Structures are given as structure tokens and as C-alpha cells.
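Labels run A, B, C and D following the written order; every chain starts at residue 1.
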Amino acid sequence: MKTITIAPVTRIEGHAKVTINLDDSGNVADTFVNVVELRGFEKFCIGRPVEELPRIVTSICGVCPWHHHLASAKANDVVFGVTPPPTGAKLRDLCQSIAFCSDKILHFFILAGPDFVMGPDSDYSVRNVIGIAQANPEIGKKVIRNRHLGTQMLNIISGKAIHPVTAVPGGFSKPLTEAEREKVVPMANEVLEFAKFAIAFAKENVFPKYLDAIKTLGVIETGFLGTVAEDGTLELYDGKARLMKPDGSYEEFPYDQYTEYIGEHIEPWTYLKFPYAKKWGDFSMDLDNPSGIYRTNTLARINVCDKMATPLAQAELEEFRASFGRPAQQTLLYNYARLIELVYNAEHVIELLNDPEITGKEIRVPVTPRAARGIGCVEAPRGTLIHDYETDENGLITNVNLIVGTTHNNAPINMSVKQTAKALIKDGNYDQGILNRVEMAIRAYDPCLSCATHKLDGSVPVKVEVRDARGKLIDTIANW
Amino acid sequence: MQKMITLTIDNKKVEVEEGSTVLQAAEKLGIKIPTLCHHRSLLPYGACRVCLVELKKSWGSSIQASCVYAAEEGLVVRTDSERVLKTRRMMLELLLARCPDSPRIVEMAREMGIEEPRFQKKNDNCILCGLCTRVCEERMGVGAISFVNRGSERKVAVPYDKHSPICMTCGACTVVCPTNDVDLSKVSLNKPRPVMSDYDMGLVQRSSIYIPFAQAIPKVALIDKTTCMHFLNDTCKSCENFCEAGAIDYEQQDEIEELDVGAVVLSPGFEQFDPDLKKELGYSRYSNVLSSLQFERILSASGPYLGKVLRISDEKAPGKIAWIQCVGSREVECNYCSSVCCMYATKEAIIAKEHAPDLDCTIFFIDMRAYGKGFDAYYERAKGLGVKYIRCRPSSVKEDSKTKNLKITYQAADGEILTDEFGMVVLSTGLRPPAEVRELADKFGIELDQHGFAATLPMAPVETSKAGVYVCGPFASPKDIPETVMEASAGAAKAMALLTEQRNTLITHKEYPPEMDVAGKEPRIGVFVCHCGRNIGGVADVPNVVEYAKTLPNVVYAAHNLYTCSTDTQDNIKEMIAEHDLNRIIVASCSPRTHEPLFRNTCREAGLNEYLFEMANIRDQCTWVHMHQPEMATQKSRDLVRIAVAKSRMLEPLKKGTLKVNNDALVIGGGIAGMTAAINLADQGFKVHLVENQEQLGGNLNHIHSLLSGDPQQKLKSTIEKVNAHPNIDVHLKSIVSAVDGSVGNFKSTIQHNGDGKQVSHGVVIVATGAEQYEPTEYLYGKNPRVLTQRTFEQWLSEDKAELKKAKSIVMIQCVGSRDEDRPYCSRVCCSEAIKNAIVIKKKQPETDVYILYRDIRTYGLLEEYYTEARRIGVRFIRYEEDKKPEVSANNGSFSVSCFDPVLNAPVTINSDLVVLAAAIVPGETLSEVGKLYKLSLNQDKFFLEAHMKLKPVDFATDGVFMCGLAHCPKSIEESIAQADAAAGRAATILSKDEIELDANISEIVDDNCDGCAYCIDPCPYNALTLIEYMLKGDIKKTVERDAALCKGCGVCQATCPKKGVFIRSFKLEQLGAMVEAALETG
Amino acid sequence: MPVKVAEEWLNICGGCEVTILDIGEPLLDLLPELDFVHMPVLMDHKYFGQTGEKEEMEIPEADVGIISGGVRNEKEKHVTEEMRKKCKTLIALGSCACYGGIPALANMFPLEALYDKVFRESKTTDAGDTPKENLPPLLDRVYAVDEIVPVDVYIPGCPTNPDIVVKALTALLEGKEFKLEERSVCDECPLKREKKAAGGQIKRTLDSVEFDQSKPWDQTRCYMEQGYLCLGPVTLAGCGSKEGNGDGVTVPRCIKGFMPCRGCFGPIRKGANPLVDMMTAISSIGLDAKQVPDRRALLNRYIGAQKRLRPLPVRPK
Amino acid sequence: MADEETFEPVIVGFCCNWCSYAGADLAGVSRYQYPPNLRIIRVMCSGMVHPNLVIDALTKGADGVLICGCHIGDCHYLDGNVKAENRKEAIELMLEDFGIEPERFRLEWVSASEGPRFAEVIREMTEAVRALGPSMYKV
């Protein structure tokens, strides 16, 4: 028996380790991905004034702070019983879309990209963004610049791009001046140009090379969760939830009823819980006969929505569906879907910037504390993000429940790792490239383990357990 | 020289003079041996045997009484061996059986662990120690008492068991008796008369040698020659045996000093009215009837009951207290108001209730004379706290002989006659001129008035009939503290003006050696620990503290001294500084409050910066308060020295700043107050800018045509002439001050005249911006021309207006705009103004009915006689209550004025031809404008807020700015004049110097840490901090600037700053923090 | 010769790593000077060899080590110690590494209370026992890096400011020491201040501060002087930058968003206690200290490690 | 750490120069005895004592901290004691935050003439703190 350790899993948001145990014949017996930490946001938010939460929960994740910020602000609106003025809501939407753009660029080019651009078998020392920058300085520079443009835009609009403070109960705290808008517009145009370039570049130079991998690596069959507008259009800031079964049929519900649809399962070997669609039956991660498993994040959204509201993105969606159908199940397609969303968000940003209401002065309504419950939900890059708060009459938090993007994907990641490892490692043969492909299956989900471990601490140690065919624990390797 | 003997006590060697007892040797070592029959001024006796010690000799050991056993060379003594303790315990057990009720014996026994004696109790309180007989014989030379009989029959007795004819009733026997067993009345033929403490108003006894009171300055004992047995009978002299410092000097004589002076200020104060003259109030008959000053002592924490409100008869809580006002005031034989009793009674009631919240307080009064600044608010507060006010003057007080409670019969508001019982009655006794003033007046040749108060010149409140002799305080008439303080400054100002040429001629300066530079040098600390005779050394182990000090970081020298404050020790300190190159000095002795200046001076004389000195207070705050815990006291002394060392290491040399002073003054306001102040300063030789916003000088006084003391216009005219003619006064009419820069010593103010600004430099400002008359909106004023203010009425009187002649009936209404919700203060002068005008009209037209509708008549002080006069000539006074104000309606050219008379308990309607309103005095806009310019605070009534209500009535919190006149609060013209002179006097304290020395212990901004967050700006009580900005490396740097002339070093800023951006030199956070850490260490 | 750099992230959200990217194009200029030898967020260097073949954790020797995030579990403690061993100069990056950061708010509670909440008191969770099988024990609380190993350079902030990272790296490249000046946010805040006490109430951020965007910053009144509790005076300066503002004025980030400072850069100097300093300042100007909402968590929001936050001691009965 | 039997509390006292320090001196002059557990640090005004000193003392092992100043209205510096009183409330709240028993901190007004009162305050406080036992920060 032999143990393979990949530690840490690199180029993801957070860290993880994969351990693969081989049986005597050199085949994969079993794998488990364990998350070993808890941060306790749900505990230490209790007692805090609810209006402070948008400025606390951002630290769940430094990669997608805006989405936590906005879900929290939306939950606040409900707690205080107010509706933000249109300009306030649009400013929030604008920031969310800009944040999406930066996030897509970050993930595709800096985290997942090197696998495709440099190749999964390339030397580890160059298989990174620095490698890309050296090999292809033009692209490297564009990537760095365009991702940074998002930050710069957010700095101008809100003063603080990471761990923002401007989404407040009842709206937005800072109006956008015309001067600022004029400064932002060319940046947004540049990002859109880059988005167009990126998807064209990927379709031409990246995806075709890896069609095999796409079809084989981490392929599992699951349902999908995402939010859409009333008419089924992709909606990231304020949609209703659509829960799609593996067969493509779906149910819709307002997200404040999430507790009726989603349960969280506990496994004794990981702190990270497993959300599942509880109406579909009991939870099971059996590769052959899974139950309750659904996925979120880009591929899920591309699957659940009927259409996209912007022209270029809609065209890309149609092309994608023509190739891979609906719902598409191949895990590596997350990367493709990600670029479609990049195009959509870049377009959406420009749309919003050209909306005359965006520079309005009515951005916020004052609020008065009361005892209430408020649920806020947005689509975060890594999936549907739900913040659920309860307060006392002074507006102090009495209860918090959070379900974040990556957590939804906990089960699918575990399953994909196992599937990939089983498919690639045969008869004890493996190399760096194969192991990197196992990691690619994880990277496709763009797992933000800092988010997922909001309940624990921010690092994302992962542990893989190896069990024999009867499920008996043979070995465990953790990265801590 | 005396031969010295060395012996060992409890393993410690000690050297004593031959002939000393073992007890004395132990005392020298600080070893405590209990004694009973021992007395320092009596011969050793060896009767009680509690001072037993064990003497070890070659042949064994013996138990001996240490008080009689003479020290021998090489003697080895144990004071705490098991054998000693056992024997001593036995002695005490026997004593306890003999006198089980004596507190001292019980306590001593308990210290030895004995609760109950095993022997049969004898209940004889005399322990036969012989102290009484010995003191009588040895010290008093009398032998009035002695032991009689033998064996178990032995006792102390007077010969033949009769009162002794030779007893001097000195009471020494009762004082020395440890068991309080001597009853002097059984010994002496005379009735014992204890010597009572004057300070405690006769509530407690004192001895014949005494410190007058705890905070006396100088705080030294004095001998009362009228009661001291030594001075009376050439006996006793016991006290000299107790004074370690040998400071008792029986030969000291009164000295007569002659001084050449150019002016005299008389301030002999007042005497309390002797309440015993009011026999009906039972003052000396009933133990629970007290004078108000006695009650002050009861309230005091240093008083007989340590601040607990207890009554004399049984030292129990009184439950209910009544105050009776006007005892010795407002009577036929004393026709003036004592001015202060209403407020002090109210204060006593409030404080008594603070001490005992459920106390029931009732004040019986005639008129509530809360006329002073803030007084009405205080009165209202008292009512709010539940103090009851009953408008009635009880005629007598009766005691219930059993309960010692006191009954008062009075008429209630509704006329019903009630009797109430109180646990204590306080008589609000009035003020009298002191008995000796007649002699004083004769000596100085000044006139007194009919009551015996000093007579002053009209409109000159501090000037007597004799030039160069001034008066201040209640000697001139009864008055409260603020007026007294004002007059004191005014008297000084007058004297200064008179003596201008002699200014600074008696000043001498001391020369000090150049200061050594300690910058960058490692601290070298010298610690001097003081025995203070036995005060410290008798409790704490001083050598131990010295040894400990030597182990502390940076301490390079430590030593002990018998008296560190003695002259030879000062020389020693200076020598040690030189010898050991000391650059920090610590004296561990008494309080820095008393001795720091002395030691600082020593440091300066040694060329060491005086701020490199620190004290550890191991006497007042250690050995004196832990007298029975010598070990703990030693430990604490070590701790205090360690704390001082911790701070000392961080001390830095400081320099007192100086500030050049501009010797000109600016006076804002050209009314009588401003002009008076200007003249005084100008007379003192200072140049004065007088700024008046009107076209002419004179202010409100221009409208006043008669005063109780005569016509003021003449005085006004002469004052204006004097101002205009004075070479030192620059008058700016129709001008205002528009901008101000700078602070004390160096102001720059812009005087605006007709749009032109002119900047003047000056060292001080006197604000005399006055006040205005309230424009009434009530009682048809402004709607009917025959409703007028007193001021207009006075104008009519002076013009002999025809309307007056026709008036058959005139109604005056008081408190118009005063004492209401908007202006909850009393305008102070309206009562006397109305009475003055009423008298004038009544004298002119006796047939005219004059009514004064009032709430309280506040003719305080000597004004009372005019109130009496008005009533005598038929002016009718009708009281109304605040919630039932009079109503005025016009009908057919006359008025119908109705009000509710609470005395008749019925409505009253008066027909009247004129209605005269006593309009309030209100602060004008100018006040707040000038206030903003100089950053001055206003009180809640929008008058200027003085630095201290009682003690600094003309100063502002801001240095160099003073106030006088109505801008301070409503007041009479005489009071304004006194305050104006006072302001000039206070201002001259600055102007008379070329430079001001600034305290070195003030705040300092740490520019590196301060970023101008502005938190400290508002908390600073002196407005010494200002936000500023400057350019630093291309950025705007915000910071705070401190005005050294304004900062007083209170440190409120240091305790506010969230970032250590400001500190107080010598009290830095780091220094205090180091002291805290040192306090928490053990060692 | 390029400087070797190793980077690790511990108990963290990743915001500080994003901040490194937010250096933007200047990062590309810096890159040739830097030789990243270990950086899990961007690079594929593994702890136990690239195929997991080694027994001992191995981080390459480096001149400069950067750690972001506080220390929450045994593994992170191990990594921290390994980084200290291998790096000549160790940088604590971000407030989590410097003071525990937001996750250290958890230090207010005993660990068991966290488990109870997550596994038994959540409305969506099928309640169960706290997972135990082969899971590493968390440390009793969140630790700052300098509670585990000595730290040479502190770069706080939540997240930190890319300008500071550049300054620090540049200084280290030039062989100089780097230390932030002990100045407060007020120092770089351009808002207008007069004096603090308004005798008013302390307001929660339930309504907008007053501002007029058409006027320069120095005509907007200090938020604290408007009654909103702002932690500027007790917070280390450094969050504001001229870049990205466009108007050339340095404005602290939250202030620019018209929100009061929440103290993310931590105390002005080592050992300072913002809770005490702020409560003191507020009460000194006559405001009612009781009105500070949720003061313990608010005034220690980013600095709960180093024992600033801990479960309150209970007086034994 | 001191055990219950021999526990002698350490109390740090900040006394203002003008009233309380003088009051403490007066207690000495009048020989009012009080327990020897107090270590007085002289400050110019109760308004000078930064609460950090109080919290620091209490978290570094002091069993009690006392601030003494002039009675309200009698402050040598106008109203420094009012500032101290305002801060007292903040200190009391912070005691909660640091888990320190409220009895361990006192703000008292003692005038220069109140020697007996000073002794009484120290007696009371020492006994109250002694009853609490050693500070929980004393470990």
C-alpha cells in the first residue's frame, strides 16, 4: 500500500491537501477530502449590532468580500424593513458586477489558467502566473492590469475595494459623482475588451487542447442551484432561487424559504458541512448513486438560467449550449462558463454606468433598530450565498445562519477528486502531471475554502482519507 | 560627656546613655513593649508589670520590669520570649479580672489573646498604677490624692475622703488615668471646667497645648497661657518630655513689631451673634439646640462626629432638624439682615441630607433672601431635594425632657397653628461686628455706624472716613464670601494705587549656583530616609529601608537622618550630591505638600535642577497611619521608596518659562464699573484703553437718579471727568473689540471704531460689559403708558412729573422677569429700588397709597432698615406666590390689580393709578460676543462664569481676564464699584511685573504623536490648546499647540489623548505607569 | 541577485494576497527582483515534495518570508515555525497575522461554544456530534503570528494597503529596515475638525453622515464630531492612498466611503489598547460611554489575539 | 500567588495633590489608622489619571485601584474631577470588558479636611477587596 500526498493544493483560494491511498494493486481504494478548521462567524456575530455585520462578514473571504457585504446588506434591509432607493440598489449591483469581473480574471488566468496556458505537465516552477507573464509578457501584463482595473474602479466608487464598507442597511453610503463615473467608464470599456479577448483566446488556444480532459476529468452527475430573474434570465444581485435536478427539470422558490429546500449534513470526518437538496431524499456521495447532490458556481448558473441579459454573453451562452447541452455536467466546463460570466458582467457594468440613475443622490434611507429576521442572498462567484440574521429590539444579532458558495460544492468536490483519482491512477503509476490533474478537478470549482470555512478559520487544510473497498479507514493524511 | 552603654535586645545591639532604662533602650530600637504605669514625664515606678522582659545573665535569666531596670553593659534582653509572654499574659489576665470594663485593658488583653480572665472579676476600675498620684505629686507639686491602706485594701483617695482644698482642679489625674477611673468632681472643691475647642465651637475639649485646627498654617502647637498649669502655677512642664524635637519654649514672649506702612486694610471680620441672648430658643439650656456654626462642625468630616449628623444628647441620628432663621437679625435692636443665613441654612440642610438622605429638614424663615448669583437655583434645588421651607418665625423652642426632642409651635401657610417635634434645632445666628472693633476704630480714627460696622463713604464701599484706611468684608456690613473677597481685592487695589511709587521696593532676590548639566547622564539617585525623630523611626525600620533602597536600580547612595529637614541635613545632602555626583534626589520622609519646596531649594543650592527631586511620603501616609503594624509599615516604606525611585529615574530637568508682560490694560465697558477699574489701574500708573460702545460713558448709571445713599449723578459726573482727564486713560467711544489674539501678558485686541480697526497690545482685560433692563411683556407694559418700570418711575420722580401728583394709589409689582422659568435668578436690586422709590413718593405725597406686591423682600444687609422705614411710613407690602401672579386690568384711566394674599388667604383687589414694574436685569448680547472673543464661559443664566463662585469672583478661568459689574451678575452700584476695584487689583498682580514666571509642570505636545484629532481641545479647562496646521514634507500636518501662559498643568489633556500626543512634564504617563508597575512589584 | 521570497497564508480570507496583486502593474516591475520560492496561492511548490515523496515538511530557504493570517490550528503553527526557521526576515502581513484579525473575534468565546453553534444550533443543519475522527485539534484561540514566533516587520490592515507592501519590499530589497510610522488615521484624514464635544449622543451608523461631495474634503466635518463613533484616533494610519482616489488627496478608505473608521490597521503602537484609549477619549469629552454600541467587539474588532479578547474570567463562587 | 489566608491586597491609589493627597496627609497628622495595603501615587488632578493606568494596574496584578479627587465644585482646575467622573463610567464599563469585578475600582472625593473620611474609604475598600480575594489577573 502506498500513500500519495499533494500538499498543499495550490492556486486555489485557501489551501488544501489531497492524499490518495493506493491499494496493493496500485489502484485507488478511496479518497476523502477533509476540511479541518472552523472559524465561528455564526457564533461571534451574535451580539453585534446588525448594521455592523456587512463590515464584519466581508472577512469571511477576501476574494469575494463584496458578495458577503451585499448579502449582509440585503439581509439588513429586511431586518430594518426598508427598501433601498433605486440608485442605492444599482450602486450595489454595479459593485457586485465589477467584483465578478476581477474574480473571473483572477481565477481563470492566475489560479486555473496556468494549467491550460502552460499545460498540466509543464514544470511546477513555471506553471503559474509568473510563468505566464514571462512566457507571454503581453498576456501577463493584460491579466494583471485588467484584474487590477476592477479594484481601481471599486476604489473610486466605494473607497475600499477589499472588505468594503459602503453597502449599508437601507442602501449605499457613497454616491457616485459624475466625475467619478467619467473616470470609471473607460476602465469598464477596457475590461469588456479584455473579456472579449479572453473568451476568444480560450476558445481558440485553450479548450480545444483539453477536450479529452473536459470529458473525463472530475465528471459527475448532479443537480444545480442558482438565481434567476422572474423571466428566467441570469440574475446575480437579486434573483429567485432555481434548483435544477440532474435531468434538467427544476423548482423555483424565493430564497428566504431556503430552509425548506436545503439541509446541511454532517460527516464525522470533516468540519465542513454538506448542504444538500433535502426534498430529493437523504444525502449520499456514492459516485454511482449519489443523492441530494447539487452544484453551484459558474456552471450551475449557466445551466439554470434560460438566457443572459446582455448580447455578447447571450451569444456565448448559445454557443456553449450548442456544444455541451443543458445541463452540462463536465466539471472542467466551470472554467468555460466562468469566461461567459466574465463577458456578461463586463457588459452589465457598462450598462449600469450608462444608467442615468447611477449618479443619483438618493442612495440611502435611514433605519431604526427593531426585532426582526432578515435573509439576504446574492450569487457569489462560487455560488448562491445566503445570510440569515435575527435581531433583538436594539438591532443586536441573536442568531446567524450562513450558507456560502463553496460549501454547496463540498460534496461535488469530494466526489470529483475521487472520480479523477480513480480514473487517472492505475496500477500504481502516477506522476506530477497526473497529480496536477487531480488538483485541476478541485481548481475547476474555484473553491474558496476561506468562504467555506467561515465557520472555522480561514486556512483551508484538506485531508484525504483512504479507505478500503469495504469502507474501512486505511489511512488518513492531512495537511496540518 | 555621658558614658555610653551597649546592650542587646532581641538580638539587636543598641547603645544608650548610662542611666537609661531597658524600656528606653528598646524604644530606641523601635521595639514595642506594652506599658501601663509608665509615663515619660514621671519617674519610673514599676507598678503594673506589663512591661516585663527577660534578662539573660551568665547564671540564668530573670524577669524584670523594663521601665525601672537600668541598662547594663553587655546585658542581653528578650522582649518576646515565651516566658515573657506567658508572664505578661498572666499580668494582663489579673488586670482584666480587676477592671473588666476598661476599654484600654480589654484591648491590651485581647492583643495578648485573652478574651475572658480565669480569675474572679472584681469590677474595680483602678489598677493602682499610681499615675494619678504621681502626676499630682511630681508634676503639679500638690499631692491632693494619694494611696491609702495596704494590701488588698490599697486604693487612691483624697485625705479623709473629703474634697481636697489643695486640688487645683487641673485635671491631670483624669488625663493620665489609663482606665478613666478618676472622678475629678469627687476630688476637687471646684466644679471642673473643661477647656473647650474654639475651632469646634465648644463641642469638644482640647488641651492647653494644642494645634488650633488640622489645617492651621503654620501647623505648630501653641500653649494656651490662660489654662496651662505651668503658666498659672509654675508646675507640670510635662509636655517638654514628649517633644522629641525639643521645641517647647516656656520662655517665649509676645513680640511687638513696628511696621511703617502707607495704607491699612482693616478686615477684622465678624462675630457670631450669641444665641444665648435669646433665652426662649433654649440654646444653652437644651443640649440639642445648636448654633449654625456648631452645626457646621457637626457636618465636617473633621468635626466631633467625623461628619456624621448626630445630636449632642445621645449621639444618635436626629431624624428631623429645624433651622430657625434670623436669630439676632432683622430685629428692633439689630435692624439689619445678616445676608448669609438663608443660604447657609439651605446649604447645611442640603449637605445634611447628603450625609443622611432620609433626614427631614425644615427651615423656618421670614423672607428667603437668595439674592446672590446662583442662589435661587440653589434654593430651588434644596426644595427639590425635599427641604421644607415654612414662612414663620417661631417664638420659642421647648424641650421634651425625656426624649430631648424639641417642640416648635408655628403658624402654617393656611394660618393653622401647628406644633412639630424635632430631634435637633439649629439657630441661624446672625453676624455682629467683632467686640474689639471699637478699640480698633478709635486707633485708626475711623467712624463706625450705629450698629458698630465700619462706616464707608457714599459710593465708595471700601473707603473709610480716614484716607488711606480701607475696610473689607463683614466689618463694613454683613456679606457673603464673594463680596468679601471682592472687597478684599478692592481694598488692596486702593492701597496699591496709593502706594504706586513704592511698588517692588521691598523685594529681595536669592542667588543660586549655576545648574549642572545632567542631560544624557545615567541617573545617579541619592535616597535620604528620615527617622523624623520617632515619627517614622519609632514605627518603621529605617535602616532596613535604607539597605533596601541601596539595592534599587540607579541608586548610588542611601542614608538615614534623624531629621532630614534640619539645616545640618540640608548641608549633608548638598555635600553628598557633590561627593557622589548625584543627579536625582529622593527624600523619604513626610509630605511633598509641606516639604518639597524646602528640598527643592536644597537641590538648587547644590546646583541640581529642582525638578530632579522626588519625595516618598513614609510618614503622613505610612508610619502615622500604621502605627501598630511596624512590619507592614516597614514593607510599605520600602514600596514607597521603590515607587519614588521608579519615577525618579525618569525625571527630567525642567525650566520655568517666563513671559514678558505688556503693562497696558484693556477695559471693555464704560459704565461705572469699567470706569472705576480704569481709574484705579491708571492711578497705579498703568496705561488703560477704555472701550465703550455707546456715545457716552456712564452706562446704566446715566438712568439712575437717586439711591438710598444719595444722588449718584454727581459721582457719575466726577468719575467721567476723572476718566477723561486722566493721562493714562485712552477712551474709545462708539467702539467695540472685534478681534483678539494672544493670551495673558500679551493680548492683541482690535478696537473697531466707525469701521476702522486699530490693534492695541495689552497684558490684561477687564470685562465690564454690563447688563440691560428686561423689557416686560406682562402687566400691560408697552400697551398702557401708565404701566412703567421702576427706572422710568424714578425718572418721573426726579422730574416731578404731574402724573405723579394725581396718583392716589400706586402699585409696584416685583420680580417682573426675574425668578421665573426663563430667568430663574433674582435681580437682586429691585426690592431696594422699589422701597427707595416708595419711600420717596410716600414722603412727598403721604396721602398716596403705595403697594408693593412681592414674593420675598430681599433687602439684605443694611438695606433692611429702609424696609422697616417703608413699613413705618405706611407703604403696604402684599406677598404673592409664583403660581398666583397679580393680574392687571385697565378701566377708565385707572387699573384694577388683583392678587391672592397668602397671609389673608384671600384674593385682594387694588385700584391703582400707576403700575410700576420691577423689571429684571438681563445679560445683553455683548456678553456672549465678548465671551466668544476671549473664550470666556457663561453660566446658565448667560452671565459670565467666574473661576470660582466664592473664592475667585472677579477672575475668569482664563488668566489675565477679569470681570466686574453687572456682566458678572445683578448687583448694586456699590457692589459694582467694589468689584471694579477688585478687578483692577487682580489685574495689577499681572501688570505690576515685567515678566510672569510660568509653572514648569505644564503640558507639552509630542508633535510626532499628535495628529490633531481634537479630542483634547474641549476638555482643557483653560482653553490652552488650539488646533493648528502646518506643511510637513508636502503634506498638511495637523497638530495641537499649547499656550504656556494659559496651561496650568492639570493633565486633563494627557488623560484624554488616545495616542500619547500630550503629556504633563513630571507627571508623564510613562512616569505614572512606571510608578504603578513599581507599586505592583514586591521587594 | 533577486531576493528569495516565501509566502504563506494561515487563518485568513485571502484579501491580503489579493492586495499583493493589487500592486498592479508595478508588481511586474518588482518581479524580476523577487524570486518566489514558495507561495501556495500562486505557485505549485508542495510541502512534502512535488509528488509527496518526502517525510518532513519543507519550505525552501528564503530571504524574506511573508505570513498572512493568524494561527488557529496545529498545522498552521507548524508552518509558522517552519517559515521562521527558513526566512531571514519575517513579515506579518495583514491584521490577521499582526493581531488576529476578524477571526479573532472568536476569542471571545470558548471553543466549545463555537462547536455548539455550528453543529447543533444551526437552523439548516441536521444536528450531530462535533466531528472528531482524525481531525486536528484547533488551538484554544486565534493567535497572532508574533505569539508563536518573533516577527520582524508588521504590515497590518484588513486588507493591507498595496502601497505599503511595495514600500516594505523595496526597503527590504535595498537592505533597509521597514517600520510604519506610529501615526493615527486622523493624521491622514483631511476632514475638518474643530473640537469634539458636542454634548450629543453617540450615533450608530444607521443614517448617513453629513457631507457635500461638491466641496473639498476639508470642508466635511469630522464624523466623530458629527456624533458617529470613528476609530481613527486609535488606529494606525496607512490605509489611505492617493492612487485610485483620482483627486490627489489622501483619504482613509472608510472615510472616503462616508463611513467611520473601524480600526482595521490596529493600534497605533505596540502595546496600545484602543478599547481603553477610545473609551477614555469619548468619556473625556463628555459623551456617554454607555452609548458605545457593542464596545468590546467594536473596539477590538481586528485585534482580538494577543489576549485582547478572551472569554471573561468568571469569579469563583 | 497569595493564598486566601495570607492574602494582603495591593491597592494602587491616585490622589490629587490639592484635596485627596492632603486629606491622606491629614489622616496621618490626625493618626487615623487604616490598613497598609494602599500605595498612593500623587497626581496633580484626578482628571489627569488616564484610564489606561487603571486598567493596566488591574490587569497587571493590582487587587484594587482607587482614584481620589476634590469634591465636585472644588477642583483646583475648575472641573478636572468632573472629567474623572465621566471617565469613571467608562472605566466601570471596561472593567466588565476585562472581566474585573466592579468593586476593585473606586472613585472617591476626599477633601483636604477629610482625614477621617480618607481613612474610612481606605478601610472600606481594603476590606471589600480583601473579601473578593486576589485579582484573577494575578496568575
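Keep in mind that, in the parts below, a residue touches a chain if its C-beta (ideal position, glycine included) is under 8 Å from a C-beta of that chain, and two chains touch if they have at least 3 such contacts.
What you see is a predicted model, and the numbers here were worked out from it, not measured in a lab.
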Chains most often in contact, by C-beta pairs: A-C
Closest chain to global C-alpha mean, per-chain Cα centroids: D
What's the farthest chain from subunit B if centres are computed as the mean of the Cα atoms? A
Can you check how far apart subunit A and subunit D are, centre to centre, with Cα atoms defining each centre and the answer in Å? 57
Between the Cα centroids of subunit C and subunit D the separation in whole angstrom comes to 36
Using the average of all C-alpha atoms in each chain as its centre, how far is it in Å between subunit B and subunit D? 25
Using the touch definition from the top, which residues of subunit D touch two or more other chains? 50-52, 83, 87
Mind pulling the residue numbers of subunit C that touch at least two other chains? 277, 280, 284, 286
Which residue numbers or ranges of subunit B touch two or more of the other chains? 1019, 1052, 1055-1056
If we use the touch criterion from the header, which chain pairs count as touching? A-C, B-C, B-D, C-D
Taking the touch rule as given, give the residues of subunit D at its contact with subunit B in the complex, in rising order. 10, 12, 14, 17, 21-22, 24-36, 39-45, 47-53, 56-57, 60-62, 76-80, 83-84, 87, 111-117, 119-120
Once bound in the complex, which stretches of subunit A touch subunit C? 3-11, 13-15, 19, 34, 36-40, 42-44, 46-49, 51-52, 55-56, 58-63, 65, 106, 110, 124-125, 127-130, 133, 140-141, 144-145, 147-148, 151-152, 155-156, 158-166, 168-170, 173-175, 177, 179-180, 183, 258-259, 262-271, 273, 275, 364, 366-369, 388, 395-396, 399, 401, 403, 430-432, 435-436, 448, 450, 455-459, 461, 463, 465, 473, 476, 478-480
Mind listing the subunit B positions that touch subunit C in their complex? 1008-1009, 1011-1015, 1017-1019, 1027, 1035-1038, 1052, 1055-1059
In the complex of these two chains, what residues of subunit B are touching subunit D? 214-215, 219, 300-302, 306-307, 591-594, 617, 619-622, 624-629, 632-633, 635-636, 639-640, 643, 947, 957, 1001, 1019, 1021-1022, 1048-1052, 1054-1056, 1064, 1067, 1069, 1072-1073, 1075-1077, 1079-1080
In the complex, subunit C residues that touch subunit B: 182-184, 186-187, 190, 193-197, 222, 225, 232-234, 237, 250, 268, 272, 274, 277-278, 280-281, 284-286
